[in-house]
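Before anything else, here's the structure in question.
Naming follows writing order (A, B, C, D, E and F), and every chain is counted from residue 1.
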């Protein structure tokens, strides 16, 4: 009999908040998306379609059922007020950190990372950011706005500073963004080359991992707002995620899935599977 | 802060089971669907898109927030074993009835109504069935199977008998089904004519209301497995539902929404809105 | 055991050619379509989805299984050569007529009607044409071409002359087309008013019935190349078809279904159902 | 030879700015849309698909080619900053008015109407607003924001005051919104009844006409963010628009088309056709 | 003139049954599919879209027109009764074998393979099974049912026993399934490595080849019920199929294409092309 | 203020005709497409979605803003008259050449290349053609027509003769086409091998580059009329385009994008990005 309340979470992420070491939360916002909106629907799609994958990873020989993850559903955002949305993300992330748990945000658009990283930076001033993406996201402003999905890494650089942002897979941006990247970030355009060295250099410093899923080639991830051909394959992304397993990850997000642009659902499936792998990489210590 | 468990219900149907007078449950099964499957996705779609409508009905000047409805989510069915699925529906419906609550099933395909009506009939042997549909559903068997979406009303007639089934809106079937209907059911083909007389005749007897949404014209309800042109409009269905308000409804279902066949979502919107109106009609006594 | 050859026809239209009184043939051509192509896929879609409707019509209390209809599949057209395609349609229609059978073409675009009517006109110089459509189709030329879907009725008028074309439901065209219609055709814009009088006046003269399905409102027939809001409902079209039952119909076509523009399939369902009704109206004499 | 610059406008709206009496402009913003975004794509879709309709209206026996309309394309909005967007709409509308032309905005979401009406109100303090919609749009705030598509009429009422807003077709809202409407607006829920009386009462006062296309039933207008079943038909809307022909319309908008939710394109076709009819009604005086 | 019966087969597979050496048959069943149904539409889609490919393979320098293949269309299944469906597949396969022809099934879901292999095993008790798939399909039961798409290889192992099932490309399953595979099957997870050795070891023993198309990466095969990222490319699958050319294949199936989940049709195109290649590999001896 | 005329071009291709060195023009024709039409919509889709990419190429470290490109919009074709369409393409291409500019056609279907190459050949009788495609396009005729997308290279060979056509990536055709290619063209089936040698051999001779985008694997380019699995990746195509940079390209086209078959838009994104790269390769001399 199913006479308890209906609860929908990412597959097997059904721990109580008090016992959880990782807290998943949805951030259904796409308000600064300039081209094709729809990432607001991602968290719900990821939860729903997660039942199409298994909890067991043959790549890591670990199982999600071994972790304690709480999925608190989606934050309830006021559309049209970008600053308030960022404040809510920052406050929520801060609360999770205060309670000694790891915040894991499911976007939504990439600008949201700004709110989350601000909260993590307050606790970890020596924070590094690992950034997988197709786009530099280093614009100074976009259509006159400083708060934009296209400028999120620039806004984060404003307080993290040089050498703390590690960018991989980048293949699109304005010329000045590429030049900025070469001067101010640990910049690895086009692919994942150099990731192992970066991981070694970071060592035990705290790391925030921000995964813009459009780093994937549109062939395996068509459901995104700004598809950028020439990206990495799913297997390459999977191997890159596994390569992070020695890091001290203290915050995380996965973003830019836009389910309405993928009627086949393979993009959501990719998001679900990589989310499982990232959770297992992060939860490594507790297994 | 959203640090309780994530709960997704039909809009505002968030009562506890113990306090609820109505129990919604999803029945995500389309195993005997012969043409185009997909009704298994209906309950989840209805819950998710219900946030696009309001809780207030200007037609009835009532609000869902005035009712106590528990939405227990979806039953977990074994695909491929039709008889076991029907047994589960019957058992669940029986449990809800035993606890003094009204069972309200969200299909799923129409065959599921057989399981629900069996349970209600055990408690109410004088049961009447009001059936809105495009199809007679009176086949003796379909492709050799007695348990089929195309024979559900025939199977129910097997135990309810003559004069207890009241059919409206029917516009498709085999010739012998139309002849059977004329002899054995209270038969109103093509539209809703005669509904008020039927309601008056039934009076205070217990009634099960089974709404196959394909009674609607495909123009306003394209998302269904077997679209049948020439149906009634949404306003006609709305008026028909309002005309049921004096009845003693003791069980209910809404079925045959197939979201994959309607990328616009207007079929799910129609299901959500008519579900709100049916809930308010049924909950009338408690307001 | 299914060890005979696989044969796909419109539902129950499986007579041998020799015994058939009606010959269905698909004409998968949309070469002059200026806006959105796709009607080439209509005949195959109609055959495939015809298994979603019943052979029995409760409107006429007749059954397709009572008729002898041969469905010979699709003509094999050379795309890019409009004149050759029209010649093939004319030749095929002529052969069917010579064999004493009624030709019934499934378009394809509306220009094809020119080929079919030419063949019928050779046998029946006193031919009348009943034309249901959203568009006048009376252009003198279109983008410099005399052979265009937008000028098919003008080309037919070239040999049928004044008073022989009876147009219903028209709601779109250039100003000069409306003026031409008022002078040269039996013109009934916007709806079906006057159909009964027209049927009476025609009496026993031979009639070709050309049904451009976009006469239907886009709400019930979205899958067409040039949707034109403000059309008639499916019930109005059904009643209009039933009103033709006393006519001496000697040729027929149904056209302008474009399945790719209707993922819900309700347009194909409408085409299937109205095709069943037209077949039963035409086959009336043999029942 | 096409060796001039490529120009895409709504069909035949290709006058120079200096000679035009009406100025069309696209407002591709959906930043406060809470449910399903996509109206940002509407102006471009309307222009592109306008070539599927004719310039001639058989309903009014007038032709768009008789009017002088300038289509200046889309405003270039900063996504994520709602107030700046509204300021841009207000400034643009004011400039058009200053130049003695009628501003006609193609949304985008309904909140944009606030910017346009503010500019028109500055010039016409005795302004009336005719509002066709499915929703009251009278919320005081929505998710904590005063600037929302759900509160646009409330914000306009803030300066227009009682009796100046005339609402038709409304069938959705919170209970307090319906009560507010009954006290403060000229309120005609569910349909167009009373429109002729309203037109007579307004007489020669200046009128802004705001058409939220979701007043249409989803069957004929599925492509919108918040489909609300039970609306009016296209013919009813057409007749309502024709009934405005005696009014002194000084500003206008058409909004809430969301093309991504309608793969059939019938919603865009409806928008194109009704836009043609509104333009011809407004341009009446100059014909 | 096309006045013979309309016949739709896979491209050029139009031999008579009596002369054919290979018999294609469609098995349109997806009754135990737990996630997204739709494979029932695969055989018809494959036949229809096969006209988009050529009969000639430049990879093998052979042509389908050189083979004698009979395509008998689809079996007519009773939806909802899984055991009866399996019995029908077994009987049909047995009849084809008795007539000295090779059975080639087009699914449908993967469970159907159980019926086909049972029939082949009766004739060839020394049968080997080559299995390309993303999933182990080795569950003991699934939601309480022993007959499930997720347990088909386990059911076949029940009678084939250890060492006879050769699995390639597997990348998803429960932990115990991977452990079972390592103990009881010739297990090659993740890719096609080891295929040549397996082919050599099998030698001239009779082989059934079961190709679950979801072994392909979702990028090249999005249209399937349970997309599993990280699969092989089309070229890798093609090479693997060519590597089977020395085997004594006595039965075959291709399954798990779900056309509704791929509006682009690339999945059906992949199925058509690989089907051509498999037919040419099997028909090798007769060329 | 946007009070100039609305102009939509490919991103940043907004030079005046007089100053431009390259002239883009759309050729929206798909009249001989035998399988799935829709390439007529490609030029408009490419222009609209070009705003989703950047003008800067990190691969070439050049920017489109450095070039002078005029985009004159689409030619206005008479559908249904293939020869007239080809004549228009030839005349337009000739005019552009006469004015000393490089013609760059956006198809449309591949047959259009015949018209463009004829015009270029008149000016450059020593012309070479580099042809990337999945299909040989070497049929003598197709369904009785010599002017067909499937015979375009054969028609061009009729006047270019042996050794002038260089084909890469071909993986589909009839047997006799492959044999013809081996005898008469510089033939590189399956992939891009040998491209550098070909480029060296051509040296400074004038080259027309015809890019049929279906040379790409359907995984990264699903939106095309005849998807052919087993193609090259986007990165392979990108590298092949970069390898052309030393050539003397005097004419160019990109064709066979069919946007309706790719709701995700990744095919249009691939077309936009490769178009940017080809423009930058061609415009190399002027930078």
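Here are some notes:
Here is the rule we use: contacts are C-beta pairs under 8 Å (C-beta built on N, C-alpha and C of every residue); 3 or more make two chains touch, one makes a residue touch a chain.
Remember, it's a predicted structure, so these values are computed and weren't measured experimentally.
Using the contact threshold fixed earlier, the set of chains in contact with both subunit A and subunit D is B, F.
For the pair subunit B and subunit F, the CA-based superposition corresponds to a rotation of 180 degrees in steps of 5. Interface of subunit A with subunit F: the two copies contact each other largely through different residue positions, with under half of all numbers used appearing on both sides. Computed centre separation for the pair subunit B/subunit D is 38 angstrom, with centres defined by C-alpha atoms.
Taking the mean of the C-alpha atoms as each chain's centre, subunit A and subunit C sit 55 Å apart.
Of all residues in subunit C, those touching 2 or more other chains are 76, 217, 219-220, 263, listed in ascending order. Of all possible chain pairings, those that touch are A-B, A-D, A-E, A-F, B-C, B-D, B-E, C-D, C-E, C-F, D-F, E-F. Here subunit B touches subunit A in the complex through residues 1-9, 16-17, 25, 44, 48, 70-76, 92, 95, 263, going by the rule given at the top. Residue ranges on subunit F touching subunit A, taken from their complex, read 51-56, 58, 61, 63, 217, 219-220, 233-235, 238, 263-266, 269-270, 273-274. Here subunit B touches subunit E in the complex through residues 30-34, 37-38, 40, 76-82, 84, 111, 142-145, 147-148, 260, going by the rule given at the top.
The part of subunit F that touches subunit E in the complex is made up of residues 35-36, 170-175, 178, 189-190, 217-220, 222-223, 226-230, 261-263.
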